[in-house]
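This structure is in structure tokens; I'll ask about it shortly.
Order of writing sets the labels: A, B, C and D. Residues in every chain begin at 1.
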Amino acid sequence: MIRILLPLIGLALLTVLPNYISDYGLGLLIGAATYVTLASAWALFSGQTHYISLATVAFYGTGAYTVAVLNEALPYPAVLACAALIGGAMALVVGLSTLRLQGVYFVIFSFGLAELTRQLITWYEVNVTGTLGRYIFLDITTRQIYWQMLALGAATLALTAWINRSRLGLALRVIGDDETVAAHSGINLARTKLIAFVLSAMILTLAGAITSPRYVYVEPAIVFNPTVSFLTVIMALLGGANRLWGPALGAVPLFLAFEYLSSNFPDTYPIFLGLLFIGVVFLVPNGLLAKLETLTARKAPQTKEART
Amino acid sequence: MTGISRRAALRALSFGVTSTLALTAGMALAEGDTVKIGYAVARTGPSATGAGITTIPNYELWVDSVNKAGGLTLPDGSKKMIEVVEYDNRSANQDLVRAIERLASQDKVDLILPPWGTGANLAIAPLMAKFGYPQLAVTAVTDKAPEFAARWDRSFWMLGGGHDYAKGLVDVLAAARDAGTINGKVAVVSVADGFGIDLINGARPAFEEAGFELVYDKTYPLGTSDFAALMSEAQGSGADSFVAFSYPPGSFGMTKTAQSMGYNPKVFYISVGGAFPIYPGVADGKAEGVMAIGGVNADSPAIQDYFARHTEFTGKAPDSWASAITYASLEMLEQAVERVGLDHAALAAELSGGTFETVIGEVKLEDNQLRDLWWVGQWQGGAFRAVNPGDKDGASAPVIPKPEW
Amino acid sequence: MSFLSIKGAVKQFGGLRAVDGVSFTLKKGEIVGLLGPNGSGKTTLINLVSGALPATAGEIRLNGQRLTGLRRDRIARAGVARTFQLVRILPSLSLIENVKITAVFGHNAHWGRAAERVAREALEMVGLSDRAEAQAGDLTYIDQKRLELARALAAEPEILLLDEWLAGLNPTELSEGIDLIRKLHQGGLTILMVEHIIDAVRALCPRVVVMNSGQLIADEATDAALSDPSVITAYLGGEVDA
Amino acid sequence: MLMTTLILGLVLGGTYALLALGLTLQYGIARIMNLAYGELTLAAAFLVVAFFQGAGLSPLLSLPAIALAGYGAGWLLYQVMMRPLVARSGGSGRLEVDSILATFGLLFLIQGVLLVSFGADFTSISYLDRGVSVLGVSVALNRLIAFGICILAGTALVTALRTTSWGLRMRAVALTPGSAPLVGIDVNRVARQGFALGSALAAIGGASVSMYQTFSATDGVVFTMKALVIVIMGGVGNVPGALAAGFALGLLETFVATAIDPGLTLAATFAIFLAVLLWRPQGLFGARS
């Protein structure tokens, strides 16, 4: 019971928090909520299956672009629904063709996908619509953006929790460990991966759509910023991508660290960022949660003995 | 607190580029004795290059000059030193928006200077309006400036729109064609992003109206590094005029490619980067006659003095397009503060209605926009001189055809 | 009435015919040894049955249902369970989870309590039930083999394919292993086992099929086959290790 | 017209291939997917420009020194940063993830150092950029030189890998890092050499880029992406493949720019890259596994 109650209380507190903080505090909350959502949604697919996707921004940017294109034509909820559907459809097409790629090939493919999406949208806008750069003028307050993102983040975590307990979650974990065993155990590899990929992509797309009113101006070069993909990956891995709370646990401190570094060391910020990454890889290779577990497990060394 | 000494040590790592923040933060000035000015410009990421050329050096130069003169003068004649709060927006709008919120609500700075780039200025406009800060958007080229100025009444748009630059260029070319110097054919390439598209969309109807024929009209993606194919097509098109609505990497690349392949159009026009001080070096000393976007009145003593001070302070000359205007916007701010103080509403009203003495001459905004701008410049005798509008005070006559490379 | 029928199975790798027109059948509840020297195509044949490789030609049916052309997971759900020559466990999952997956996704697709029960029974069967919650990555080799067998059993399969499951065990473990397989057979399970350990084959399988160079060279009672000159030549000619 | 496309495409392809040679060695032999590859290239380019502008040293003269420095830097990087990761992974797939993340950190680190030391400006020098007529098509001399360096480095590398015992060891490690120790090969040493040699080639690539292209401290990822595309197309670790793929890409881009639409050059690059990944993940010129 406590496992459900505690997050609900936390969610309630986070919902009313904007009443007590400055605009900057709210900005920080939005940023943190966005990255918690992105990292969790990324981990929904990549965390269990170990398919490291760098396509996060392909979906995120598509979401922002969808809002930019449709915000004057459709009511806002319909725009969001469209964004989710477009993201899902894109993931379906991509997933059908690519989810058999393994290891580094998938990594590079997903990165190329983000670039291709950006190039194609640019070309389309230039040659077909003749406009590049679109405006989003919506009457949505910063708080509403925050609440939407909070809701999306909470929904992502709830969905992940549910998936983890479902057949889908078990199937994903088996796929992450050994696809051959998975197939011979009766798991439909393509369908399982595709479902998770599409779900994850829909959330990523929605996240891009929800934050987009904050930018006002949308251009492919702005919304398809590859850093978003990289940050998402490192955040999820820092916390532990195969655990429910891992990505969130990685996203919040990293987000705050970036914020601190870029405001206090605007010149040397990338240097510290680089060192931070390298530090994560060397010091917490399995994520913070796993690190915490090994630290606590040292008191009870029985698991060590069973190792050969 | 060990935190402070570590911070100081880390900051010492950032040798030199700026130290305004460290410098002023160290000053033991009581609250209220300083004017806090904040900005969040790109230090890293794709926008860092543009910001590092046009925006940041001018901010630093201005703060330095004001503080050396004893600080900003207020209406009562008292002076207050400027204290800078600076963040890196990492070339990402989500970070930029948050940094502005931080400056406004956390640091409670007195004034906020705008970031570099059209998209960035648009992204912060609603926030600046919400918090009431005047926004002197300089590095934003947009045809929608009138619309934006009306939407956010404390925003000021100071670099014109794509149509203006396109029209200025067409005027120059039309005059040359009417004089029989060049033929009626134009080869034009444009970079596929908001800026390039704005310009080409303005240029197509303007060229058509002036009776030019666009014999080659292509768009290339941002990030293109090889222009050999593009330039050889343009060369083969039979046009006397080559026009590129380009960004610096493209402007430089096309210049070099044209030189190496011996492409000598009578008019060679490039956009951003053409007015950069490094351009003559890029063109291997053969920049003479190259046209580009922007320009300054190179004979004006105020501009010459500004160039000298900029060179002395930052170690390099400013670009001859948006730099001087950026600096002028800061002078406007300085003079407006002297007249009406730091109250945002009064400041905005003064900026909107007042007349200011700046490095680019006397400035008075029309409908919150700076319209008295140079659209086309040309390298002449080692300096980048404004050639259009030709009737504006200080304009040089364009040299067409351009001498061969 | 044949339960598993293999008819003219062919697997071609480039110029090599790893399985070359093999046909035989198994009756329900039968246990049959699949013998042959290294490289004779035994594992390839197992892979054809379980769908790991698509057959170039031929037809494989289980209980009348055509398996050839089906995906691996469909074949698994049709009731074919297998172990691997090189043991494959899922190191980041616990023992019970390792076993549960076939109960969940396999032949009978249980979920919840039922899946848990089937998995526990399978673990019980191989003697690992006391360590159900341990991580599979921490197991010894023999326990990993047991776990793999338990996973195959939890599928509640129609037919079990064992690929040298007894290899690498010490004499005590071997006799335990033989007892375990015998128990499964006595419980009515149909088993096709690739095996090199002749004593184990004698002890368990009344009938063997023997392959050499991709072709079936014998399909007869175990004692007869092991004294069949062609089988002996194949082994002596091809076999390097014992 | 066809001739122009062909020659311009080949020259462009040569510069691309040169960029990719080092990466294919690093990934093929050391198994490190080096996302900071472009930053290494850039660092070399900045150094060449600094020598040129500061000391008047011609890029072609500073090139050997830069290559040597690149080798040293790569050696050190491998020893300090990659080796522990390789040791930790014990040959499992996690090295891929680890190296991607670690070199991503390295990317930022180098970029930060470049920004602090050289500023955010566009850098561009004029060096040998007069035109040379090749079969009637005017080509910039500096690009032609880069093309020459590529051919030289490429053939030298291919020959060394094919004919020397050093090359044999390299190929053995590239093919089966697991069994190479069985025949007495010190895998760590070979991998280190491969990585260092890759870095040296990155430096050479950077030095030639500095002669003909405008660049800034934030451009590294562009080079990495280009190199990656070529490496994948040519088959990972396949040196002749990378050369061929580089040329193919140069021809493709030039063809698309002249015959179809310059706006689609980059899209075409990525499209063909994705197509290769999907239909021939072992590369256009790799053997089917």
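The definition used in the following text is that a residue touches a chain if its C-beta (ideal position, glycine included) is under 8 Å from a C-beta of that chain, and two chains touch if they have at least 3 such contacts.
None of these values were measured; they are calculated from a predicted model.
Asker: Using the mean of all protein Cα atoms as the middle point, what chain has its own Cα mean nearest that point?
Answerer: Centroid comparison flags A as closest.
Asker: Chain B to chain D: how many Å between their CA centres?
Answerer: Distance between chain centres, rounded to whole Å: 35 Å.
Asker: For chain A versus chain C, what separation do you get between their C-alpha means, in angstrom?
Answerer: Result: the chain centres lie 42 Å from each other.
Asker: Using mean C-alpha positions as chain centres, tell me how far chain C is from chain D in Å, no decimals.
Answerer: Each chain's C-alpha centroid was found; their separation is 48 Å.
Asker: Can you list the chain A residues in contact with two or more other chains?
Answerer: Counting only residues that touch two or more other chains, chain A contributes 119, 122-123, 126-127, 267-272.
Asker: Name the residues of chain B that each touch 2 or more other chains.
Answerer: Each of 14, 17, 43-46, 192, 219, 221 in chain B touches at least two other chains.
Asker: Give me the residues of chain C that touch two or more other chains.
Answerer: none
Asker: Is the chain-to-chain touch network here best called a line, a ring, a star, complete, or other?
Answerer: Contact pattern: none of line, ring, star or complete.
Asker: Judged by the touch rule stated earlier, which pairs of chains are there in contact?
Answerer: Listed by label, chains in contact pair as A-B, A-C, A-D, B-D.
Asker: Okay, in this complex, where on chain A does chain D touch?
Answerer: Residues 50, 52, 97-98, 101, 103-105, 107-109, 111-113, 115-116, 119-120, 122-123, 126-127, 226, 230, 233-234, 237, 267-282, 285.
Asker: Touching residues of chain B toward chain A in the complex: what are they?
Answerer: These residues of chain B touch chain A: 7, 10-11, 13-14, 17-18, 21, 43-46, 86-88, 90-95, 97-99, 101-102, 104-106, 118-119, 122-123, 125-126, 131, 144, 192-194, 196-198, 201, 219, 221-222.
Asker: Inside the complex, what are the residues of chain A that reach chain B?
Answerer: Touch residues, chain A against chain B: 22-28, 30-31, 34, 119, 122-123, 125-127, 130-133, 135, 142, 211, 214-222, 225, 227-228, 259, 262-272.
Asker: Any idea which chain C residues touch chain A in the complex?
Answerer: Contacts found on chain C: 50-52, 71-73, 76-77, 81-82, 84, 88-93, 97, 100-102, 104-107, 109, 111, 134-135, 138-141, 151, 155.
Asker: What residues on chain A touch chain C, complex-wise?
Answerer: Checking each residue of chain A against chain C gives 167, 170-171, 173-174, 176-178, 180-189, 242, 303, 306-308.
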